[in-house]
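Structures for review follow.
Two complexes are shown next, each including chain A; its partner changes from chain B in the first to chain C in the second.
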Partner chain A sequence: MNPKHIEFPVLGAKWFIGFTALSHTAVASLAIGFAFIVTIAQIIGYLDKDRSYDLLAKRIQLFHVCIYNIGTIVAIGLVFGLSGLYPQFWSQLFVHQFWTLILEEFLFFLLATTLTFHYFFWDHLWGHKKLHIFLGALLTPLFLLQFYLINGIGGFMLTPGFQEGQASLSQGILGWDKQAFYNPSFLMLTLHRTFANISYGGFVVAGLCGAMLFRPNSGAIKACYEKGGHLSFAVAFIALLSLPIVGYFYSYVLKYEANEAFVNLMWGKGDVIAGGIDWWWIKHLCVAGMLGMTLTYFWHEDTADSRFSMPLVMIVTIGLFYLIFYMSMGMIMTWKFFWIMLAFALIGGLLARHLVSFHKGSPRALYVLVGIISFLTVMLGGYVREASRPRFVNRIAHYDKIYTPAERAPYLMVDVDPRTIPPPPEAIEKPSLAVQLIRQKCIGCHTLERVRNYRLDNWELIVDQMRAYGLKLATTEAEIIITHLREKQPY
Partner chain B sequence: MKSNNNPEDETIDSTGKQDMNASTILSEDENNESGKEVSQSKSSHPWEVELGVYPLRPAAEDPKWAIRLVKSWAVIAVLSGIFVIALLILGFFFD
Partner chain C sequence: MDLPVIEPPIFPRWVWIEEITYSHIPIATLITALMTVAPVFEYIGYKKNDPRYDRLARSFINFSLILFSPGAALGTGIPMWIMGTYPEFWSRWSNLFFWPLIAQFGFFIGEVVFLFFLYYLTWDRFQAKKRLHIFFGCVAAIFGLLVQIVWDALGSYMLTPGAVALPGVDEPVAWSAQAFFNPSFPFLFSHRFFGNISYVMLLTGGVFAIRSLWIKDTEERGYYNFVARLTFTIGFFAFFAMPFIGWGYAGVIKEHAPVAFHAIMGGHVSPNFMVKMSFKSLSGISLASSHPVDSRRAHDLAPGLHLSAGWFSALFVAGCQKNIHPGADPAMVHVCSRHRGICRLSDRRFCAGAQQKSLYRVQGDCQTRGY
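Now for the complex of A and B:
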């Protein structure tokens, strides 16, 4: 009897996992930003003896306790879903990185307890405020550790690496695999996710403060939410500074270590396109619009009495970094991408000015709008990241090679006859070496469209020119590229 | 882009703090009828009565069991974090 897969009704297995994972992302991504802002607000409140920061911090932490529970429960749902719908994949991943996942669970316990104690002992420790702040401050590094651990596994699924790293896919490595954990995209994923989540958490807190500013409260309460909104907005904005730099190196790693994912993202292929829409573009439209809004907000901010005003140099630096980032993206993708991003940033800036003047100087609507857009950005970023990579497994797949039934049979609860396991899915056709070289080398300076639009046939001269411009290309590689282009083969 | 407070909020000073007596705010025991009346007459928002002061209190008034519990947990959390970091460092050198 052939093993049957469990099929999830209506959504199907893939979309159920995607939906659950994104639901988890929506709330879990807020955690580090919330923890960081709570600590900052508590410290400011303590130093200034200003109760409003402390009250805001407590309210944020209450929200955090609630969403942490929801996020954890959804994560358990994801584990259940993977266990039933992708049993071979999940069991193998668990066996492969058992100790990593056990440490992750240990950190969940530490974080949940610390978070709960921090919130529920708030009023018990008024005489020991420093101790209470220290307890809350522990959350940020613990969340960083948790990121660190899960990113080793997440990065491995995107960039398994070469040589020793690839051995993980064909050998029975149990419990801990250093090469797999410290995979090529591990560092960039960790940096990008950390700063992006701090930014996301900050914008969401500002959005919540903005929503509260719509309520008919007294001036004292409004001033309280304005302070909180402004502080969170500033923290989120500073975190934005790192993202184009990290993003650039992240895409650089993908280009060489996960070329298929890179191509899918940059040229809109595979599941990155869903419903005829390129969600990677939509994500960047959101980022560009958000950037325009935040830059305008801090640029025009009245700094006379503002505690957390941004230095002009920082505003200009963030603007320039993103401009350079989108220019490099424009070179790789299309220049249309660059101009559309620029247009959205300008529209965002104009909209920000309009919203603030419409609300008589109050940034409440801007806070809410940016909070919503940052939520969309995180959701879309999470989706395209997973959608872009080649399928790690296709239900029951080649992972069975690692899970040797003969050795593991005594420990299996289900007796599986290896002959009944379907063969691994057909390998995804890898592009030829010539195509890989053209994609990797040419887009360092210009789009592939430019290559395609070139009408003459003097490729030897062109490639020599490119090498003279600084393109690092071995002679054999140059010959492969010239032959491919001369034969007018697709790439 | 500083926000403008509404005209009806003119009783609030520039720091957003209300000029309130600390005795109406600090402890539940002291939150007497007059304190409630003050808060209700100003606004129904529960923060109104708390915003005015930063209610530090003498360390001796904090419940001892809570301090012991939180201190113990902080030590456990720090040591656990160091333990996890040590494992990751060891894992980097030993496969």
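Now for the complex of A and C:
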């Protein structure tokens, strides 16, 4: 049987999902940065008794409320698109991580309510400013928690972890799978996205402030946007600095846990190349250009508020650090990478200097430009990560074999006791007990790669050590594991 | 491998779905109705040069925006819960209605863009371009109604699928006009449209009336009195349409989903229906008798007409109960009790099949299928 599936005209299923997912990412990624900057602006405004920061925070939050709904609806479109175009994959993933998604949905409701109340009751809570700031400050951790949940699923799709996650998926784990959720790249993806979102949100706020500075405004409004630009640009810059470092370790994880994706990225293969362009390189050019621009900005920035400026020695140190970092990247990858990144950083720096001097010391044009580039960087980062990933599950795999077997059809959609449903046919060969034990027990603290890389043969001692560290392992189980490892059997 | 269903704790699956859906519906209906009437009030205010209408329209939109994000978040929960607890149903249902779901996504985007960016944010800026602003409000309202149309069509299909059976998981139909425009769709949509307007206008009328009692400022009090009367009157008229549409709706259900009809009229959900209709008749009487009697107000009705309308509503409800209740059919009740919910896929398909069969043949069909 050759299963049919819904075709999306013109774009095709893959590009429709990609386009919708990236549209959602573009908006949803702003949430953390916006919430964070709103809180900081409110706190500064409260402590300094400076109304302009509060005004700025209110305007950012209004923009946030408006775009938040766009993000929500695009997410709904993504869900509908996936369930229609990739029903097998989506249903599997959904049932596999149902409780993760339901918790995420609950947080979604909590966030929507908190965000709405925070903005629409701004003036009503004027006499309770601390409470209002607290309400706004709740948004950042809630947003972080929400997107950690999504990262668990997103990370799993890229690095299911030596087939353990894939196996648990095909064995029909229901609702929650800790092993799949805390997959190898979860931590790095989460760290990278956290800082990237703060940076992206900050640069976009600075960009919006810059755009507003182009308009004729009164002195107070102008001061508000200038302060907003300084504040958010500084926050975004600090977050940006961590990204190449975290990204390096992220790629290290991919090298071992998702080698095909790593090769696609580093060697420019698969969908990473689209239209003859290596989009991963373009993303890195954007990052290098942003580093050059932001360092130059802080070098020449002459702001009255010293809290958002940097001493020259710090800027030089950061510049040197990243020069060495990119040199080491050049050594690992290719020197072409180093020279081109250096060239783009220098071009970015020169452009930043020109823009600031052209606008008579006002960084407004620079804010707008960096805001646009940060948007492009987020889009390209999201695109190449997904494009590098080998296809997770075929669009409609196994429908005819396992999804709706005739003998199970009477049980579908009927409120029956699930225990009465006949067991599903075995999709994959069940691994031996030893393999199962190694996968379950060892991975609690470290990756299986570490076990594989161990060269000595004193497994008894190693297993005893692990038990001394706290591994719960019965003596018989320990013997099974030791025997398997001694015989150098695959796992 | 298969896709076994998730069994949520505490309550059965259907209770979770029901509760999450019911939490979304009151908010969604409120937003849709407020969005629909706001540009109308704004237009009246513009034509009459009366700022009270403009203020009322703006307050409606403001309130819609407060509710919008939580309502949308709750709405997102509905498909998520269904996908996990009824994955098979969702796959087949979205196979049939893929394009309406995608279209709904587009309508929703249009609604947000027009409502937030072009209607709400431009209210002050477009004072000099009032017609354009009202146009944006109308477009936002149309998008909102289009979203409602899609969901009403998809929802009504679950009750009266007509001749279109739900496709299998490997039968990606994606769109079926016959399923979309199923027998009960126009009735459900019109019933919900007037129901939304009635519910929201009466609710806001009540809120404004209470508010007017608390306000000491005479001018403000006058405003709240005015808007309370206005919304109350609109709510009253919209309410008045409901039994007529409901009667037609019941007729369609009787013909196309006899099991559901019997469940409502004499089966396991009939107590709910009776309570609802009792509330409705009480509301009709209350509305008619409590409507402010002030002949100087142009939009007030004569008191005799109020009372007549209220009594007519009550008699209508009582008459419907007598006329459309077919009396107990033990065989049919037996079938209904075996099927329990009438809200499961198998029942719906079974109801569709019943369209051209007698009730006894339906029962036979049911037994043949081994239910």
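Before moving on, here are some points about what is shown:
Convention: the second predicted complex is superposed on the first by the 369 of 491 C-alpha atoms of A that agree within 3 Å, B and C clash if a C-alpha of one lies under 4 Å from a C-alpha of the other, contacts with A are read in each partner's own complex, and residues count from 1 in each chain.
Simple rule for what comes next: a residue touches a chain if its C-beta (ideal position, glycine included) is under 8 Å from a C-beta of that chain, and two chains touch if they have at least 3 such contacts.
Not measured: the values here are computed from a predicted model.
By the touch criterion defined above, A:175 lies against chain C but remains apart from chain B after alignment on the C-alpha atoms of chain A.
When the two structures are aligned on the shared chain, A:113 is found in touch with chain B and with chain C. When both complexes are overlaid on chain A, the residue A:49 reaches chain B alone and has no touch with chain C. In the superposition on chain A, A:237 contacts neither chain B nor chain C. Touch criterion met: A:124 reaches chain B, while chain C stays clear of it. Legend: residue contacts after superposition of the two complexes on their common chain; A:105 is shown touching chain C, with no touch to chain B. When the two complexes are overlaid on their common chain A, residue A:321 makes contact with neither chain B nor chain C. In the superposed pair of complexes, A:34 makes contact with neither chain B nor chain C.
Common to the chain B-facing and chain C-facing surfaces of chain A are residues 106, 113, 117. Listed in rising order, the residues of chain B touching chain A in the complex are 1-6, 8-12, 14-18, 42-43, 45, 47-48, 50-63, 66-67, 69-71, 73-74, 77-78, 80-81, 84-85, 87-88, 91-92, 94-95. Chain C makes touch with chain A in their complex at residues 1-7, 12-14, 62, 65-70, 72-77, 79-81, 83-84, 86-91, 94-95, 98, 101-102, 104-106, 108-109, 112-113, 116-117, 121, 168-172, 174, 340-341, 344-346, 370.
Interface residues of chain A facing chain B in the complex, by the touch rule stated above, are 45-46, 49-52, 54-55, 99, 103, 106-107, 110, 113-114, 117, 121, 124-129, 131-132, 134-135, 138, 141-142, 145, 148-149, 176-179, 181-182, 213, 217-224, 226-227, 297, 300-302, 305-306, 356, 359-364.
For chain A in complex with chain C, the residues that touch the partner chain are 1, 3-6, 62, 65-66, 68-70, 72-77, 79-81, 83-85, 87, 90-92, 94-95, 98, 101-102, 105-106, 108-109, 111-113, 115-117, 120, 170-172, 174-175, 396, 398-400, 402-405, 408, 410, 412-415, 418, 421, 424-425, 427.
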